Amino acid sequence: MAVRVQAEDFDVGRETALLRHGNPRIGAIASFIGVVRDLNDGDSVAEMTLEHYPGMTEKSIEDIITQARGRWQVMDALVIHRIGTLKPLDQIVLVVVGSAHRGDAFAACEFIMDYLKTRAPFWKKEQTGSGARWVDARAADDAAADRWRTKA
Amino acid sequence: MAVRVQAEDFDVGRETALLRHGNPRIGAIASFIGVVRDLNDGDSVAEMTLEHYPGMTEKSIEDIITQARGRWQVMDALVIHRIGTLKPLDQIVLVVVGSAHRGDAFAACEFIMDYLKTRAPFWKKEQTGSGARWVDARAADDAAADRWRTKA
Amino acid sequence: MANTITLLYFARLRETFGKASEMIALPADVATLEGVRATLAARGGAWAHELAAGRAFRAAVNQDIAGADTHVKDGDEVAFFPPVTGG
Amino acid sequence: MANTITLLYFARLRETFGKASEMIALPADVATLEGVRATLAARGGAWAHELAAGRAFRAAVNQDIAGADTHVKDGDEVAFFPPVTGG
């Protein structure tokens, strides 16, 4: 299990190979990459800055992974979240989950992403043609995270 | 959209970069890698051979992708399935789906995988300590594919 | 002039039948996949066993998964195979 | 000897309040997160506006998401921030 909050970019191929290398029993790897889009709420975005709460960020993501391991059979999981200034097409976040079976890998990966969006202390500030603005939390993200609660 | 049936291995990092390169509006990429495990139904597996139905394989996977595009917002999708002789830890299958939002990317990727397991004409023959055997279709895979039917 | 179809067998069925493909003349009274199955099962032995009506085989006509009622005509490609196990 | 806590502000709240952190003496009658919120809101201006009871801010005590009833004591780290928007 690893959580990294970093300014540097990441390579999904390299990270997947490292995760698999550590556990030859993994038969299924689900992964997710989030990318900065050049359009948000109708405005074109020139760049964005990601702020976070050092310490709490890592702790909250580790909590999320622990919850996922309690619900599904997870052999290994990796979360990388970037901070600092990012441009459209830059990668923001990577979640990789290795399991024996694909159902567990998919469910745990999506669960971690939904909680990352709603619980981990990151904030985005966008530079658009009409100035800088903090991105508002989306109701759709809260709904996605709430989904999992009904299965508890 | 691309479907490849090949003996050669694949590189998830490279394939993801190529898929993203073709569409700058993609904000979410969900992917899945299936790996040969060294244990199946209690027997250790030395190697396996994947046979397929040339022509129908590509056609059925293209059908599956078209169905996924009809249900979710999918900007691009790639399926690579290997054939021939594979050993434990070898990669078997890669599915990558790019979308604007993560919910669509996850759902379409898992849908394609579930259908690949139950509809695409591939057959596995394993070499184990007790001889060669054809792998039986799993009831769990049929159940996973049936799941989607209730949402139609 | 007899109608002919191409038959393909895969995986365990290919091994059991000892062949990957053959062309056969379609009997005059056969127009469905069920008719093709019954024609092959009438050969007896492994054919009768593997293609018995209750067995868990699958079939495709012209590369689409097909059911007992699927129409079969001159020139069609008909395949029989075990349930698939890819991915 | 007054109890002190560390306050942290993030994102829009950090900008609006014009500071990222401060240490304050915890009033003798304050033992919960709600008490801390009310103490800050009593400063008026942006503090009263942003930390009004109905506003969509979030808070953490010692780096765990916290609610109004969460106990706050000497030496704690208390953070206020907008709803998160990572991922």
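Going in written order, the chains are labelled A, B, C and D, and every chain counts its residues from 1.
In this section, contacts are C-beta pairs under 8 Å (C-beta built on N, C-alpha and C of every residue); 3 or more make two chains touch, one makes a residue touch a chain.
Just so it is clear, the structure is predicted and the values come from calculations on it, not from any experiment.
Chemist: After subunit B is dropped from the contact network, which chains belong to the same connected group?
Modeler: Ignoring subunit B, the remaining chains break into A, D | C.
Chemist: Would you kindly tell me how far, in whole Å, the mean C-alpha position of subunit B lies from that of subunit A?
Modeler: The answer is 23 Å.
Chemist: What whole-Å value do you get for the distance between subunit B and subunit C if each is reduced to the mean of its CA atoms?
Modeler: Subunit B and subunit C have C-alpha centres separated by 27 Å.
Chemist: Based only on mean CA positions, could you tell me how far subunit A sits from subunit C in angstrom?
Modeler: Once rounded, the distance between the two centres reads 49 Å.
Chemist: Could you list the positions in subunit D whose residues touch two or more of the other chains?
Modeler: 87
Chemist: What are the residue numbers in subunit A that touch two or more other chains?
Modeler: If we look for residues of subunit A contacting two or more partner chains, we find 34, 102, 113.
Chemist: Between which chains is there touch?
Modeler: In this structure, the chains touch in these pairs: A-B, A-D, B-C.
Chemist: What residues of subunit A sit close enough to touch subunit D in their complex?
Modeler: Against subunit D, subunit A makes touches at 34, 50-53, 55-56, 59-60, 81, 92-93, 113, 116-125, 134-138, 141.
Chemist: Which part of subunit A faces subunit B closely enough to touch in the complex?
Modeler: Interface residues on the subunit A side: 11-14, 16, 20, 24-39, 88-89, 100, 102-103, 105-106, 109-110, 113, 140, 144.
Chemist: Sort out for me which residues of subunit C touch subunit B in the complex.
Modeler: Listed in rising order, the residues are 8, 10-12, 56, 60, 63-65, 79, 81-87.
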